[in-house]
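First, the structure itself, so that you have it in front of you.
As written, the chains take the letters A, B, C and D, and residue 1 is the first residue of each chain.
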């Protein structure tokens, strides 16, 4: 049947339509088969330095975790007086607060419409609650073994790093969860400290470094990228320094980690882009370009 | 259709004569009720049939002839029986005949007015079905077929075929009750009930029952009036009464008795059966109670009990104290928060102390109390048992308190944790849509939430342990009470009368019938033996079980576990709340 | 739908139109096959696949083949039922996992399927829809039992995300040793060939069809004072309901004499209701909710223009039905839609609100200027395009070809799996195939084929249903059937 | 007249079908399952005993052995009395009814009688049973409210599941009687 159909229809041209019966068998394969196949239409090209710049967010977060742990270590060893830490923390946060408004001349504040009174209130809430609960925190985990606490806080800090909002729109990103995990870890660690004042100071410090500091970073990154890079460097080096004072090996490993994240990973990403093979064709599900929310707003 | 002749076994050996019975055209079945013997005067037979008919409202008729070939020489009889057909005209005319030699019968059904050949009588096939008149008369089909209306028995055909047979036999009881000693004008042979004087006692009982019922009913109404008076409606009493299983049980029994001794007659046999069951269960109950009473009051067992009781209570309290001590340490190497542990422990210890003092306060009166309680056994075993369960509930009141405290605490913790866990994940419970939505909290909410979450998480094991231990204790008590309640319910609901009936007179409760094919030879009519298929015991219990006084928990296991996990309170008795949902 | 009459007998026979099969009813009358259609999706579930299976089976029965359908139990619709013309349906009691597709362990369905295949003396297994786990199970077992297998793919699939990568791998495994594959459009064929890495020679293109007698125009049902746009589709993202929610306000503001009728149900309905609320269009936008298939025609004939906003379609039956009712079709240019209707019957647009609005305006202008051909003419053109009988003939050819071929013996099959599906997957599934074979051997030892009762044929050459022989025991008892105690 | 034929059930075991034709309007079909085979009995007992001995060697508690004995005995009794059905009988009497009797190995009999008035029809039906698709004979009962509907399906020969050929035998003669019944019941 195939044979006779072919012979009888030398001149008849196959066309890609279903509504008319063509003189070809149903499993006929034309020259034009798969001609609409496209590859890598939406593949993006990355600039190396741009990627490095973006990676600095990760660096920042790693560093803040590192700094936090280092500070905790100092306090646990008793090398660092809580009052001193409290003072510096307060001063730096005030500085940051002023800076936060100076950078963009207060547009952000206008946009959010948040009054200074509200800020003061929440600050008071923080301090009051932390202070009130610090004795409870002190006795909270005494019966739990130290290793459990360490394991838990390591787990929580890792979680914080994983779920942190680095600006990528992935499903697992949840800034709330990451912040909560950080606070949980800080409370766990603080409860191991010798006295309740320590616990109080530790928790406040945790808030400063995990909640307030990233806000400031974001704003810096948005407005003055150069200074942001500078700050990042500074922060990274301070973190390294702190770690070095505890253990050299740890410091080296941490440095390696930072370097690999900031330099190697972007390089590898760009290399991998070459092997990308993404098939497209008429069968793809068309995605809707324009935003339809305007019809409902 | 095949003609079915239902023939009573008791007439199989009767002398020749006329077959009297009912003809059901719908199923073309002839129900033979009796045999009329020679000699008789046709008019008298007709009169008898007429009066039986108007008494029983069943269409009686002469169905045919019956000849028993052992006495008479056949040739004379044959024509005679032929002749009878002309006197009592019936369609079709049955001719049953039992030979001397063989045990096989011959049976002919003759149609006279067949349009084709008027003179040649045509026959069709007949099936003989033997039935035991007495059993069929007394038995009662299950499920009871609704008797359409008592006005005319011929509408019975609307119900199933066999129901008609049963109904016919049951209604023509008057035929059998006719006294066997006075010689009526017509000699019948059928199953003969032992007339009136056979059962004098029964008759006396029947006569007596009316006034007795009246009297008791009056008494009961007095009692119920007393219980219904306004004094009991004062605030705490109804609550207490709803909680005490004794009151429940008493009210239940009261209802039973009022129903049993209600003066109006029971309409349906089912209702009669129900009354009988209640009476029997009450009687048994009281009998058991009296046995218990005699056992108790012999050789001063009450005193021993009373002496035993106080030390037992003390001992229990001791054990609890040790348990608490153990919990306040590091029980089973569990990591508990010491501060909270101490607080809870002290709290509960104080309770136990209170309890012990209370017990000692009331120890001198216990014996008297017990004695009176023992008296209550004469009201019935069930009452005594429910009083026992109430006493247990009272004696373990402290356990109940512990349980409630623990449960409340635990419940609060669980709910707080669940909502804070949602906050921890950045979600919140949307009440309107009944689902979990994501929600953006602001910083201080997050902070405080997490702080509380951490604290609660670390305090959870302590409360959970206390809750667990006291729940186990509570469950122990509840199980004991539950067992007692089960026993009470068993006595309350078991239909003893029906079971006894099923045991001694299986045919009285019939699930249906079953047929056995009697041996037969070709050319002779088929002979079946209809037996009564008794109701299985399970269905007897299921049909006739009395309503229980639902005072025991109706939890399914799943819901029970859920409640335990979420720390909701569980009760042995049915809650007012449970009744609504 | 599944109970509406016995297939499409609208046309005398569409064979005359196809140069391939002149008078095929007479010539291609070869030996009858006994075919077993397997899919998770069947009546009472509603949709394209379901109607395809049902209509195809009806036409095959009409052509003298024996057809049975195997699907999973829907609610209390379990056991064995008979539909029109003695179409026998097995509703197997298998657990449903995710939107009507059974959970697959690849083995637990073997005993029942094998029993059915044996007792019905099935020769060809025809599975439908790549979303149906049961269909793939049936293919797997049928190959193990050495039966011919055919697979019909009704859906398109991308290559972008993780889920599609996985499903494509599974499809590769499942199709690499299937005898023949049927696709409903050329686009779908390309897609399937790419996904399952197949040889395009064993992939046939046989479009869906509609029953033209069910979709006849009725110009008097429509009010010509206003122009009515009809949309009939499930209200889900893939059907482009979001686009619709953008189009409605645009056009309604522009044309005061424009009405929308929207039939169908789905999670996205809320959007349309919000739009209607927002722009107070309650009198002009009617949401009919879920439609029975028999009501669809009555909805269609009330409109002038049919709008299809799908984001992906293998073969859009809705536009064919609409065109058969004589409506002007406006649709997105996605998937196989361009192949379905000729240019003069359809206005193709890009999947965006702007483009679709432009297309609709064009259609409206034509409608107002009366440039559109009369519905009757459109119907007469369209009804020649797709008929189930033609589909049945072409499918029959596929069966002929397949029944000629040989099924791969076990060793070859394992080689094929390993060589064709990549090292890891290949070995895994080769192992599974071996397990399946062992299980089959065990079952054959437990209940030999000899003690399995051969079922009475309801359809086919000796069909008890078709020639009513008197003492057949095939009474339809749709209500009570014993089920597996579970 | 009476005759006996052997068939096999759906698992391949052999069944004996006895047909007794008492008269044109009364027939009896009697399916005999194979009796309890000594082999299986001994096998079960041995397994239980071995298990008991194993436990005994573990715990040195003679209670286990006595428990094993009682378990085996009670289990056997229960099996013979409640589970094992030796014979299933279907007695169909024209214009009277259909009677199903199943007699257990212990001699216990359970009988159900269905009046002809309730019977709508006797059919062979298909069903999915365990991992099989089987044919079974069943009696359709009329719905008392509207007679053309079916209120209930009563399966026949439920324990001995005969194969199709056997069912067809029974089905044919049941149909004969039903047909005769219908014919005559309409005429008078």
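Definition applied: contacts are C-beta pairs under 8 Å (C-beta built on N, C-alpha and C of every residue); 3 or more make two chains touch, one makes a residue touch a chain.
To keep track of the chains, here are their UniProt names: A = Phosphatidylinositol N-acetylglucosaminyltransferase subunit C; B = Phosphatidylinositol glycan anchor biosynthesis class Q; C = Phosphatidylinositol N-acetylglucosaminyltransferase subunit A; D = Phosphatidylinositol N-acetylglucosaminyltransferase subunit H.
The structure presented is a predicted model; accordingly, all values stated were derived computationally and were not measured.
S.K.: Go ahead and note the Å separation of the Cα centroids belonging to subunit A and subunit D.
M.R.: Averaging C-alpha atoms per chain gives centres 71 Å apart.
S.K.: Return the distance between the CA-based centres of subunit C and subunit D, expressed in whole Å.
M.R.: Their C-alpha centroids are separated by 44 Å.
S.K.: Just the number, please: Cα centre separation of subunit B and subunit D in whole Å.
M.R.: Going by mean C-alpha positions, subunit B sits 31 Å from subunit D.
S.K.: What is the distance in Å between the mean C-alpha positions of subunit B and subunit C?
M.R.: Each chain reduced to its C-alpha mean, subunit B and subunit C end up 57 Å apart.
S.K.: What is the shape of the graph in which nodes denote protein chains and edges denote touching chain pairs (line, ring, star, complete, other)?
M.R.: Here the contact pattern is a ring, one closed loop where every chain has two partners.
S.K.: Provide the full list of chain pairs in touch.
M.R.: A-B, A-C, B-D, C-D
S.K.: Going by the contact rule set out above, which residues of subunit C touch subunit D in the complex?
M.R.: So the residues of subunit C in touch with subunit D come to 78-80, 90, 92-93, 111-112, 115-116, 119, 447-448, 451, 453-455, 471, 473, 475, 477, 479-485.
S.K.: Residues of subunit B touching subunit A in their complex?
M.R.: Answer in residue numbers: 330, 335-339, 423-426, 440-444, 446-451, 453-455, 458-459.
S.K.: Please name which positions on subunit A make contact with subunit B in the complex.
M.R.: Residues of subunit A touching subunit B: 122, 125-126, 129-130, 133, 136-137, 139-145, 174-177, 179-180, 183-184, 187-188, 203, 207, 211.
S.K.: Taking the complex as given, what residues does subunit D use to touch subunit C?
M.R.: Of all residues in subunit D, those touching subunit C are 8, 10-12, 121, 123-136, 140, 150, 152-153, 155, 163-164, 167-168, 171-172, 175.
S.K.: In their shared complex, at which residues does subunit C touch subunit A?
M.R.: Contacts found on subunit C: 17-20, 156-160, 180, 185-188, 190-191, 193-194, 200-207, 238, 240, 242-243, 245-246, 249, 271, 274-275, 278, 311-312, 314-315, 332, 334-336, 338-342, 351-354, 385-386, 390, 394, 397-398.
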